[in-house]
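Going by the order they are written in, the chains are A, B, C and D; count residues from 1 in each one.
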């Protein structure tokens, strides 16, 4: 399926800044007509590309003070199958992480999902439970919030839904990770985040928000949690977000049958 | 410098368990006479070895119910120089992690170390401050404790000292990670943990406990924090620690000049 | 019903200490043969008595260094009915407190008990839920733990069970407080703590541990949470608990029908 | 000194609500021309007054759906001296409370103020430290935040400054409590909160924000922390704040010498 994605980010760079963007589609795609451009006051700002885990591509640049505009666009088709996860990778994604504190949530996970043993059943149960227990409330969480606070607050945004799913799944023995994605059909349009759980020998998308069909998602960044996938990381200097616009359009928006396992392609 | 290290771990496996041990010296060493053996009731238990990040070696095994004895020993000489860290690696070790919540500690780090800019000065200042502010109290922390709780409690063990150093350094823009090590000279002898900070183009050991000379440390596992370096990870099943003994002997125990940068070799 | 209670507390006073004990039965009882004695090295230590809220009686003393022995005993009959709570009192016990963070637990309370409206039904539902969800594990909690951490840990002791009940009840609009008590029938014998909820115009005991019949409880201290009812408060100086023994004997140990509302008498 | 104070609060009552306001001057004042009025759609809403601790006066009313307007005004002169605190009261205000977790902050307090022993010196040191370490940032904290989070965030509003002062002082053995006040000279004008510490036999105001002279403060509510002094408590029902305006004018605004002990009069 063909998808056109783009993002435009405007930052007020108040002190010269070292910035890393994770907004390009992952290396798994053969993107056509891809473009990443940055400029301050109309003058191009050079950048270079870095490879992070699982085909994540980072764009890094040094921006002087002023209004920085970053524009990205790409058209992608379905990605080739991703190779199997290695054994160590599955151990890594079973470990607690900054925003998916599976160690602290182990008692909760055991109490809520104690009798379920099959990974596919756990995926379904956790996703349904998180979707039911949480209320989607824009702006309700802080960037330092992890799954523990999300559980207590019973509200959050896509990042929080994903972190809670990831933490519970890991507590239950199912490797899980976070994927930042473009999500055709999402409304209001924005960057999106979903969990991925290792079930039946592949990484399956888990989106407890059910805000966009999983089969049209386009992968950007993949990692342990939002610490690994933030669309912007200010390494040094100072920059404030002025404006952000994201678009993601697919040929079609298929019905998403939540009983089916779906991978990001 | 030649060092002889060994560990003996006895577990009561109360339900058949999938266990991962991180007790072998890292791949960077050419170890001589290395031996890893596991047995239940005198019967050998097969295991296999996995590669984790930075030369970390994991040993995984499936143990039936009973008393599991795991024995490891190795003799190592100085390791060859470790290749330079890649650019992405330094970004990864600047991110907050489960037990080194550099995002939550940013205001504290800025308040305590605000005027210091050189990474080597920051390493010295953070290490000295953590060593002064914390009291080493065996058994004073929980496995779910991270740097935030250590800071509040002002006490901990080597793991906690390291996490607080790592979190503060990351907050201040210095990439930092955790190394589990054998530590000749440590008393009482046990597995040890130190931070590593990226200063002057190399990973430098930071041990705010000052309990063992840094130059004799032997690397076991390396990662973001203790989530990546635990000597035992119970993937499934149930096992309780019955006994653990660790030894680490070096040809000599040099004086550790805390003003010098020292890497783990 | 007649009950005989006693406590013997031995402290190692390592620095002269200002100590407050809450071990005497509350003022509501007409106790017979009551005795409170303190001594260091066989020499009596003078003390004086203070009145705290709801008839709580505190004994305060200044102990020099040495081994302090405090002994208390009393025989009590059923207490006279306690006067109705004032309107302000009910507001006070609806507020969040140190170890019963009803503000932070509001989303959890709403999710778990959303459809229930009658205070007596809420008392039954909360008590049953807490008793089912938590495991009683001696030594599993810290003195700084409140209801939030108890909920996450799903384990605790009587203090933790009570705090979680109190926090949930307050979140749901039911005033609730903590009572430290002597509890005939408790095994192993110790000081005990129960919640009290304002239902049907009186304070009703809530003991989710179901470890002792509520009708035989003898009230010691009453307050917002354990901050108000600790059996020992070290105001200054330094003292370590060496030994504690508590006894509480009732004429009979009636069956405790958990469906009945019971007040502490 | 004569002071004129007033407040006007507009609420959107979306579900009939049981509301408690703490906006009237404390009972210690002989107020002249005092007025408390509530109306929905121009129709008066009856209310009654309750007495809370230390002369705090609460106004409680049942409001139907609609726009509720509450108006209060009073003119007060200096209050008569407040009677000495009782011994139990000082014990109560030494205990940890919901938003002043002195138990969790004990290690921090000991590390920062370890050598200081005189209560007046502790008051000065804590007030100065909190004023220096925190940044006053409107809207930077949540209503569930206590002193621990304020310390970590190093920012907050008057409520947070006060809670941190209170918690640290209690940790150091100085009884401390919270006072909600009208504060002539405050800019922008709003309800204000200060700590009170028991020093030299009286309650002395501690305002680490130094935003208003302490000698002109007019006491509203007094308690353990903001749980006891919130200007509005929604006991049941649902109401959203639409608008709030506060005024407080004094004959003069004296220079506030922070080296002097000042009580609220």
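Odds and ends about this structure:
Note that a contact is a pair of C-beta atoms (placed from the backbone, for glycine too) under 8 Å apart; a residue touches a chain by one contact, two chains touch by 3 or more.
Note that the structure is a prediction, hence the values are computed from the model and not measured.
Of all residue numbers used at the contact between chain A and chain B, over half are used by both chains, marking a mostly same-residue interface. Most remote from chain B, judged by the distance between CA-atom centroids, is D. Taking each chain's centre as the average of its CA atoms, chain A and chain C sit 47 Å apart. One finds 30 Å separating the Cα centroids of chain A and chain B. Mean C-alpha positions place chain A and chain D at a centre distance of 43 Å.
Within chain D, residues 104 each touch two or more of the remaining chains.
In terms of inter-chain touching, the protein chains here make up one closed cycle, each touching precisely two others. Working note: touching chain pairs come out as A-B, A-C, B-D, C-D. Contacts from chain B toward chain D in the complex involve residues 104-105, 107-108, 110-111, 133, 148, 152-155. For chain A in complex with chain B, the residues that touch the partner chain are 20, 50-52, 58, 60, 87-88, 91-92, 94-98, 101, 103-104, 143-144, 173, 227-228, 233, 235-236.
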